[in-house]
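In the part that follows, the structures are each spelled out as structure tokens.
Okay, so subunit A shows up in both of these, paired with subunit B first and subunit C after.
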Partner chain A sequence: MSKEQIFEKVVAVLKRYTKNEDALNGVSVSTNILEDLKVNSARLVDVILDFEDVFNIEIADEDADGVNTVGDALQLIEARIG
Partner chain B sequence: MSRRVVVTGLGVVSSIGSTMDQFTASLRAGTSGAEVHPAMVEHRFGCHVAAVPSGIDELAERYFDEELLLAMNSGHRMASIASVDAWTDAGLERPASGDDAVNWDTGAIIGTGVGGLDTTGGKIVPLTDACKVRRIGSTGVEQVMASGVSARVSGILALGNQVTTNSSACSTGTEAVIMGLDRIRAGRAERMLCGGVEGESHYSWAGFDAMRVLSRTFNDRPQEASRPMSGSAAGFVPGAGAGVLMLESLDSALERGARIHAEVLGGDLNCGGHRMGGSMTAPNPTSVQRCIRGALADAGIGPESVDAVSGHLTATGADAREVRSWAAALECSPGDLPAITSTKSLIGHTLGAAGAIETIAAIAMIEGGFVHPSINCEDVHPEIEPFKDSIPHQIRELPELKTIIKSGFGFGDVNACLVLARHQG
Partner chain C sequence: MIAAPAVEAAGANSSGGGSNRLSTRSRLALAVQSLLVRLAGPITLTGIGLAMRHLYGFTFYDLREIRRRFKAELKANPGPVLIAANHLTFVDSPILTWGLAPTWWYALHSAKMPWNTPERRNFASSFLARVVVYLFKCLPITRGGDRKAVTLVLDKLAHLLKKGHLVLMFPEGRRSRTTCIDRTHAAHGVGRLVKAVPGTRVLCVYLRGDHQHEYSLLPVKGETFHLSTSWLEPATEKKGLRGSVDITDQILTRLEAMEAAYFDDRE
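And then the complex of A and B:
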């Protein structure tokens, strides 16, 4: 899977939870999931579960805690799907 | 004198309609919302029939965004749709999610009888048993906490007054209205969204089926299965739905020129203490009569002012006792009992939502000047036979109808009774 494909799928997952749809238009690796997309912090748990389902991977809780930006998510997922 | 309280908004989600126009038309026509429920057949219930609203998910998608819907089970969806409808029916504008303004003078008391068992049975229990607790995600708690339904509504409508969920079994919805009445009368709120909800889940109905209190002899004729006051009644038809009323101080309603559907004249709540024939599952007739008399006293009217009765009347063995209690409390001989009807004959027993949906039905009858048919009881129960002339098998047009008394009785020997009237300045 290419980086672009992973990025698209990550954004598609985040789209379900974002409360700031405008921020999705200019989304980049530096976009902060909580601050820019206004995702409810409790829902980060569900975002991680969706990543697991979409990419067929497992993400440990301690690794999930390090996901703040879209770039963090990409890096984590890329490492898991090798 | 305490403040007068009126109803300025109505929202209903039911098996016979999820708009007031549709719901009222079904009441007038005596339409049954009962159908064979596939999950009950599949899981080998004795009763195969339920009355549930259709098209709720599609409706909810028109009302709420995807992020919100991820954490809204069946009960959340029904309660929230009914609440938004009551809100807009009251002439209020739905707040935008990004707007930080809070409605400090408006609260919500939205009860539920059983709660989010679709989430508990469909997600929490199986995932926990499979040692996959983390897969429950973040949305489990808010859907199974008892107060989840009122909490959900408070977020959608930015409510800043008391927000809570009451639970008193099958009297829950009626109780919620009386609690809201008390709060507005006391001057602690100007508006309260009050009502009840019961989501659709065969898990919620399984225990009742095991008790053999659900109808199981009319599975092949579902629309005849809910038969309150009938000699061939053999249990209730479970239902799902939501009813929410906007209660408002008369002063507030007049000040903003709101349309007034009806006035809540008074109400009473009590419990039979599981004594004098009462138990966890049976009402103490003395407490039922005290509750009815208490509601009339609170409303400041005598029994002669009651034009119609909207009973609890579920289609169990308690119906005959209930009718006798009405006659005793209203000081009527059998031939003088006002028209008495059971909305459950149409919508089944929606448990925690029953009192709320049926109160909305009562208001529709006050506004339309009619008493809806109580269907499927042409074979009136022998013990109710002396009162048969009071039972409308067809719609009874009563243009002069002004006052309806509505009761809800619940497991736990709890009672709620409400007096509603046409608003007359």
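And then the complex of A and C:
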């Protein structure tokens, strides 16, 4: 799966939870999921679980801690896909 | 006891938090806090007791039986204990702490007075507030805040559980807006903590005042509380974050059952 494909799928997942759809238009690797996209912190767990389902991967608790930006998510998913 | 399809006992997977990751500095800070809590105990605990009983006029149904059972069960089952309670008001934590055992007992058994994780913005916004919550065994946490800071608090709690301290958490993640168990902001750190400390038993506590009919900051003065307890040994066959979510779900399911029993009894 190419980086672009992963990025598109990540954004598609985030779209379900974001409260700031305008920020999604200019989304980049440096976009902060909680602060910029206004995803509720309690929903971050659901976002990570959706990543698991969409990419068929498993994410550990401590790896989930490192997901602050879209770039963090991409990096984690790429590492898990291998 | 929950009838979970136990494959991986909670704790068998110790990923996601634990005292082995805690720095010497953090361990020392916790030891100092524990000591100061103990030294200040006669004042702080007397203060809690007086405030609950005389200032607010709070009472409990079957208080003697609640306390007898709590002490007997702790004695019969040594090991890590996490208290998981429903969350209705800002002062649930001191109320249920006081309900489970008399203040003099906590003065003698300091480790059994539960540690708390209040929201920093509500309880630790000023210096004085920080001193007070420090002496009441609190490790403030910022909901939705820096993940590393949240992880550090979870690691500290895991360390304390392993050392025989009791820890109190609210798996709903915030006060219920509906006054019933609310899963919409579930705090999955609860499941993660249980998973991180092998053998942790969860004491589910359902606390509710007679006049708790709507979302509120504080119980009414003169309130009488119902407090029920139920022990749970969560287990999960799921790995990683999904395992933490599963354990938190099991705890919330138990609390929902306790809530249903509460309302059934009142009909």
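By definition in this document, the second predicted complex is superposed on the first by the 82 of 82 C-alpha atoms of A that agree within 3 Å, B and C clash if a C-alpha of one lies under 4 Å from a C-alpha of the other, contacts with A are read in each partner's own complex, and residues count from 1 in each chain.
Criterion: a residue touches a chain if its C-beta (ideal position, glycine included) is under 8 Å from a C-beta of that chain, and two chains touch if they have at least 3 such contacts.
Remember, predicted model here, so these are calculated numbers, not experimental data.
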{"item": "First (subunit B), second (subunit C), both or neither touched by A:37", "value": "neither"}
{"item": "When both partners are placed on the shared chain, which of subunit B and subunit C touches more of subunit A", "value": "C"}
{"item": "Contacts of A:14 with subunit B and subunit C, given as first, second, both or neither", "value": "neither"}
{"item": "Which of subunit B and subunit C A:73 touches, first, second, both or neither", "value": "neither"}
{"item": "Partner chain in contact with A:45 - subunit B first, subunit C second, else both or neither", "value": "both"}
{"item": "First (subunit B), second (subunit C), both or neither touched by A:61", "value": "both"}
{"item": "Which superposed partner A:6 touches (first subunit B, second subunit C, both, neither)", "value": "neither"}
{"item": "Overlap of subunit C and subunit B interfaces on subunit A (superposed complexes)", "value": "40, 42, 44-45, 49, 61"}
{"item": "Contact set on subunit C toward subunit A in their complex", "value": "15-17, 143-145, 147-148, 150-151, 173, 184-188, 192, 195, 239-242, 244-245"}
{"item": "Subunit A to subunit C touching residues, read off their complex", "value": "34, 40-42, 44-45, 48-49, 52, 58-68"}
{"item": "Touching residues (chain side subunit B, partner subunit A) in the complex", "value": "66-67, 70, 97-98, 134-135, 137-139"}
{"item": "In the complex with subunit B, residue positions of subunit A that touch it", "value": "16-19, 40, 42-46, 49, 61"}
